[in-house]
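Two complexes, one shared chain (subunit A), two partners (subunit B, subunit C).
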Partner chain A sequence: MAPRDDGIGAAVRRKEDFRFLTGRGLYVDDIVRPGQLYAYILRSPHAHAEIRAIDTAKAMRAKGVVAVFTGADMAKDNVGSLPCGWQVKNKDGSPMNEPPHPPLAVDRVRHVGDPVAVVIADSREAAKDAAELVEIDYRPLPAVVSVAEAIKPGAPQVWDIAPGNTCYDWEIGDKAAVDAAFSRAHHVARIELVNNRLVPNAMEPRAAIGDFDPASGEYTLYTTSQNPHVIRLLMGAFVLHIPESKLRVYAPDVGGGFGSKIFHYAEEAIVTWAAGKVKRPVKWTAERSESFMTDAHGRDHVTRAELALDRDGKFLGLRVSTLANMGAYLSTFAPCVPTYLYATLLAGVYTTPAIYAEVRAVFTNTVPVDAYRGAGRPEATYLLERLVDVAAREMNIDPVEIRRRNFIAPDAFPYQTPVALQYDSGNYHATLDQALKAADWAGFPKRREEARKRGKLRGIGISTYIEACGIAPSNVVGALGARAGLYEAAEVRVHPTGTVTVFTGCHSHGQGHETTYAQLVAEGLGIPIENVEIVHGDTAKIPFGMGTYGSRSLAVGGSAIVRAMDKIIRKGKKIASHLLEAAEADIEFKDGKFTVAGTDRSKTFAEVALAAYVPHNYPLDELEPGLDETAFYDPKNFTFPAGCHICEVEIDPDTGVTQVVNFTAVDDVGRVINPMIVEGQVQGGVAQGIGQALLENCVYDENGQLLTGSMMDYTMPRADNLPSIAVSTHTTLCTHNPLGVKGCGEVGAIGAPPAVINAIVDALSSYGITHIDMPATPQRVWKAIQDARMKQAA
Partner chain B sequence: MPHVSLTVNGKPASADVENRTLLVQLLREKLGLTGTHVGCDTSQCGACVVHVNGRSVKSCTILAVQCEGANVTTIEGLATDGKLHPMQEAFRENHGLQCGFCTPGMVMSALDLVKHNPDPSEREVREWLEGNLCRCTGYHNIVKSILAGAAAMRGQPTKAAAE
Partner chain C sequence: MYDFAYHRPTNLADAARLAKEAEAKLMAGGMTLIPTLKQRLAKPSAVIDLGAISDLVGIRVEGGRLTIGALTTHADVARSAEVRRTIPGLADLANGIGDPQVRNRGTIGGSLANNDPAADYPAAVLGLGATIQTNERSIAADDYFKGLFETALKEGEIITAVHFPIPEKAAYAKFPNPASRYAIIGVFIAKGPQGVRVAVTGAGNGVFRVKAMEDALAKNWSADAINDITVPASECNSDIHASSEYRAHLIGVMAKRAIQAAG
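Moving on, here comes the complex of A and B:
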């Protein structure tokens, strides 16, 4: 039978697109509740200051103002601290320093943008106007913004409970084995690098509406979240002490997340609490400049690393020391990013037998840093793939060859790394070969020569990366400090006429779940895709799920749907065996039909569904009516997408401008359900990776003022900064989930940055330049060239 | 409070506004046309692009009172009788959108490009989009969509998309 055009592997056009293309999407700021008020949040202009007094009297009297609240008002109501969802332990086993995080600051502000008071009025403008009348007496304190400064003796202290501004000092790996490896090394390659701080900048600014029904005592929070149940749990149980049965969290259409909408933010608690106080709905929508100073930032590592190699370029040992910026408070999942999502990936795709990493997480007077597309894995990959290139150059080994010599072999799976992870499948030679061919690696010298004639410096760079998705299993992550489970839930509700609604705990904010999941169901139950609807985002409808991040939606959420469908089919077989008067063991389900094996006697899926809901001819003594099943799926392991990215750049030596002229990505994301969506996910990720490598950088001045505080100052990639991005896949199946899928949401942002920088260093190698930090802006590249010329001339 | 009357998507509309009310606020908050989005506060992102008297305009950068008597078209005004405009169809066919937030501005901007340049090159499309930001797609499929949409509007058959 020919493959379905709406099933697994088909490039089905997206079901959600009609509403988005016609302006009928429903984002939080589009929602207007009856009687709705508007909140404007006053924020600290100082990076670090004591709040000596707040006078709200004048603002309270302003036109249209309904209420003004401060941190003291919330404290009076016993509002709790925004909780941290992961506890990391120090080298000595003691827990990390975990400071409080009140939704409105109480006696001290710790970063520019820290919320201090909220004005609630009958219009956005009235609230904003009145906010100017709130008088706050600040006593500015010395601030610290960079990790390098924060760890110096005598540095300003962000938290009294965190001496030396240290959140934790953590390690992984076998230090003695690594020392031994270095002692017998033929060559040691070293690198020091910065992984630049990024601002996520999903196109939809965050927004939240709190609503309270005095009749039922029920609260509703409409919010721009990637995981509404996580928000309900954290805010209900830890911050506002609202029973979950009285709290609904609804995240409708969400305009991109990239990690920044995972976390429980102060504004969600503020509007929900305030709605209860004023007994009317309260809406807050971020202005973009607020997004810059309140959405959790990404990356911000400073790292030193050394790779020990033998005479043949085989890796013997890796030693890594990283300082990770946490910002002023611990965002929801911040502590796990530079530890369990970073250092555990330092084996990469290589057989390095001994690895040791230590990570010191540091508080500064900056916006909290947390997961941003890739979260820890881009930092690990960038470090490793740069270091491998440095080693190759120093030992005069071809960068492709040195990678091949160290790859984990295709027959070595399952492969246990020295840093905790066990890879289940992969074929790194295959993705490399495919990428070299697609990028015409062999033809590069000719292109370089041609570019030279035009006065351009052309370089080529490669990265062979691995990442870990679908973080799991729950008991293992629990042992590592997670304060939540990491399963996913799905309910497959078959309706009496055989159409299906799937309720998933995952959340789509651009990923196209309404289409991909529908393809799974169309294929699995043998029904047309038009008969399948996917519901997500509303805790009043969906089972308790953990949401979408870490490329988990298909590997974990999709697997939950498959398990729920398995239950549907098992029950359907029982019903069919009754209807067909045959033994249950003889019933086969295929292509939407329950058939008695070896006969032409069958019942369609719709007939069985109808019998379940109109159980006139039905084994009621043995079987409940209805056809509606829920499954919770807890993965056995992470999944491990991997691949090869190749970047070609041209640099104008007179201006330092770098143009990416070719970009090739070959990724192993496991089984592909919708190749069109996979390509789009990879292209989007690569664009963010190129953005990090060339354009984006979050900059504070030494006083903690955010210099890149708007889209005029922070360089977002634009269409004319980017090339077309050639994407293809090579599949090895994940061995432990029912779909064989791995995940594709983050591979682009992980694989791309080192490929770009390796290409730039290659282009500049004739100047003796061996490294350039991200972002490789024209100024940085130009200066590197000038410095090298001066050095050569001297 | 000033009163502004204009034509929106072919129908008369009017509202009382403040002097400082922006066109995008009039559309979203007074007229309930929430397809036009606000993604920034510095006129960088282009999520709010609409047509004013046939030209693409960032509706966050023009006051509502400046639109007295104007003819405004928003994303809601493109599809007719449930049938997508060829440019909308090209975005759907070529996976030119992911989260959908920048999409209305992209489509409205693309239509203005095609009006001035019915057969743009890839480079021209990329340069035209200088005022529209997207964080999801890496622009690859947006560019592809606009080229396909332009071809369809010229009456040429669209190439098989997203191959």
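Moving on, here comes the complex of A and C:
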């Protein structure tokens, strides 16, 4: 049989794109419930203030207003705190400081944008008009915004229960072994760097509709979520005390998330609770400026690190000390990002035998910080790949060569790192070689010379990264403080005519699951892709799910689908053995047919399905009718995508403008189901990585006002900031999941930033510049050149 | 936005009458006004949409000058053969404003009435020594710009057209703000009937001329002629995207690029 053009490995056009490209998608804000009201949320204009009084009387009387609620009203109803899903422990084993997070602030506000009251009216404009009549008496308090300031003695305290603004002070690794390694070192390379704070900016702003049916007592929350079941669990169990059986959470089409739509947000609880109060649906949709000050931000680390090397440039030990900004409250998964998703990656692709990292997480009067595309792994990769380059330069070893000398060898897997992870597979030399060739690394000096003649400084930079996807297994993460499991569920429902609906607990918010999963199922069951529908996003339809983040959808969610298909095939064999009057052990399933081995006697998948639902000739004594199976898949390990990114830049020394002129990505994402979708994911990730390296920066002033509160000041990458990106893959299979897949959603955002900065430092090396912080804006690059010239002149 | 009355007059006289009402606001492309309304930063009693007054649209060359109607969009200026032939630097400038949506809606009159300190058109109008025509009078560029969002326009006065003398050489060099793409620094340089003029936008509270550069270029029309001329950083703004030192430096770089582009 010819290979299928809709199965594993085929570049199938995305099934979902027809509805998206023709404006037929259904987003939360498109939904209008009968009798729907609109919520406008009043937010703190202060970074830190005491709420002395709130007077809502005038607003209540305004035209079109149905209700005005404050934090006190929610507290009266025993509304709980927005929970944090991960507890990290301090060095001494004590638990982190975990402050409360009421959906509407009570007594005190702690960041600009902190919700204070909600006005519910029959139109958005009426709610906004009335909001101006709410009188709030604030007493401003001193604020603290940067981690460096927050840890200083005498700094304003965000929480009384968190002295020194410390959430936790955590460590990993063998400190004594690292100290010993440094005492033996021939050379120590050091770096201090900032991993800049980012604002996620999904295309679709967050939105939520709460709906309450007094007849059934059932609540429905329509929300822009990456994981509706998680929201149902957190909000139902901890915040609003609604049993799962009375709470449906539905996340229809979602226009991008990048992590920011994982978390359980105040607005979800506010509209659901309010709908129950006013007995009408209540809708809230963020304005873009609201997104800037309420969607959880990403990154925001300040780090010092040292690498000990022997005479040959072999890494002996790594020591890392990081301050991580948590913002004013703990967002849902915030504590695990700078710990278990960060420091566990510090071995990178190298054999560094001893690693020690300590991380202090700090509260500030800023928007909460949580997972954002890559979550912890971009921070680890950036640090390590910058530090390796610094070491190479200082020791006068070629940056490619120093990496090769330290790579984990292709035959060393499974490889146990000194920071808890065990890598299952990979071939770092192969991805490196492929990238060097694709980028014409050898031809660079000529291109640099040609650029010099045009007055441009050209540089080349490399990053050989690794990351960890599909966070797992549940019992291990549980031991590390996760308050949730990290399996995935899938139901494969075969219909009587042999068409199939798959219910997945993952959630596509741009990744193309409806296509990738359909390819898996079409191939697995030997049916045309048109006969497969993928359903996601609705707790009323899907058995359970943990959602989509951390590039887990294929490795974990796809594996659950495979497991459910296995069950379908097993049952199908039993049915076929009855129909074909052959022993079950003799039935083979291939290309959509159940065949008696060694004969041409067979039944198609559809015939077996029909027999299951019209069981006239059927082993009813031994087998239930129907063909519908559910599987929960709990991964055995993380998966470890890795690869090599090479960036080439040209800098205009007169203006400091950096143009990325070439970008090459060679990624090992395990088995590729749909190469077009993989390429799209890598392109998008690299765009975000270049965005972080060159453009994006979330800036607060010292009073905690957000200076980059709109697109006028926050620089999103645009098409003309990006080169065409050369993407290719090199595959080693994941050894522990049934598909051999690893994950591709985050590799771009993880691998790209250090490649870009290494290229810039290379371009500027003639000035003696050894580091530049992200984002390398024109002003920063120009200033670095000015300062270096001054130093050289002196 | 707050409630307001909406008028769409079809002739200038009606528009002028409506504009006399206190708290009324004229609207051209709405690219600046509508965001202001949406953010509730303005509360006009009425919005007078100039979009139906066809006399205010159009580009023509007559009497040795280029005249652009106030309601002409940036996109129309950018693709006009007349503009391209007479003042190519002006077409380039229009083509570098904002994004396609903004260029298709935003107008030259709206931009000049608004006088954003980082807007592009003010540099061309001042650099070319243009004349702003209103329903009441004509105003020389040198008398028109009054600093931050301030102009010589009186309450309710309507810009109807801009007259540009046709220069021998002219070009605009812009260093865009990486986020907003407005000008961090924009320099328009022209050599024409009024001599050499150098106008800078983005640097300070409003567009200004750099006399020292003008004098140097009048003597020697070459990029090298302004090598040693700097605008003091103390006269430049500072923000998260560009310090005053950086802005001052960029004035020199952009001025040279403008001269090179002008040929």
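What we mean here is this: the second predicted complex is superposed on the first by the 794 of 794 C-alpha atoms of A that agree within 3 Å, B and C clash if a C-alpha of one lies under 4 Å from a C-alpha of the other, contacts with A are read in each partner's own complex, and residues count from 1 in each chain.
Convention: contacts are C-beta pairs under 8 Å (C-beta built on N, C-alpha and C of every residue); 3 or more make two chains touch, one makes a residue touch a chain.
The structure presented is a predicted model; accordingly, all values stated were derived computationally and were not measured.
Enquirer: Touch check for A:D29: first (subunit B), second (subunit C), both, or neither?
Expert: In the superposition, A:D29 touches subunit B alone.
Enquirer: Considering only touches as defined above, state whether A:M712 meets subunit B (first), subunit C (second), both or neither.
Expert: both
Enquirer: Looking at the overlay, does A:A189 come into contact with subunit B only (first), subunit C only (second), both, or neither?
Expert: neither
Enquirer: Is A:V699 touching anything from subunit B or subunit C once the two structures are fitted on A? First, second, both or neither.
Expert: It touches subunit C, and subunit B stays clear.
Enquirer: Which chain, subunit B or subunit C, is in touch with more residues of subunit A?
Expert: Touched residues of subunit A are more numerous for B.
Enquirer: After lining up the shared chain so the two structures overlap, which partner does A:P778 touch, if you call subunit B first and subunit C second: first, second, both or neither?
Expert: second
Enquirer: Which of the two partners, first being subunit B and second being subunit C, lies in contact with A:K128: first, second, both, or neither?
Expert: After superposing on A, A:K128 lies in contact with subunit C but is clear of subunit B.
Enquirer: Tell me the contact category for A:D654 with respect to subunit B and subunit C: first, second, both or neither.
Expert: The second partner, subunit C, only.
Enquirer: Between subunit B and subunit C, whom does A:P205 touch in the aligned arrangement: first, second, both, or neither?
Expert: So A:P205 only meets subunit B here.
Enquirer: Show me the subunit A residues, by the header's touch rule, that subunit B contacts in one structure and subunit C contacts in the other.
Expert: The answer is residues 125, 289, 711-712, 716 of subunit A.
Enquirer: Would you tell me which residues of subunit A are touching subunit B in their complex?
Expert: 11, 13-14, 16-27, 29-30, 125, 201-205, 253-256, 258, 287-289, 509-512, 676-677, 679-680, 683-688, 710-712, 716-720, 722, 724-725, 748
Enquirer: Which residues of subunit C touch subunit A once you look at their complex with the stated criterion?
Expert: Counting only subunit C, the residues touching subunit A are 1-2, 39-40, 175, 178-180, 240-243, 246, 249-250, 253.
Enquirer: Which residues of subunit B touch subunit A once you look at their complex with the stated criterion?
Expert: Result: residues 18, 20, 28, 33-42, 44-45, 47, 74-76, 78-79, 84, 88, 91-93, 95, 97-104, 107, 122-123, 125-127, 129-130, 132-143, 162 of subunit B touch subunit A.
Enquirer: Please give the residue numbers of subunit A that touch subunit C in the complex, ascending.
Expert: So the residues of subunit A touching subunit C come out as 125, 128-129, 289, 654-656, 695, 699, 707-708, 711-716, 777-779, 782-783.
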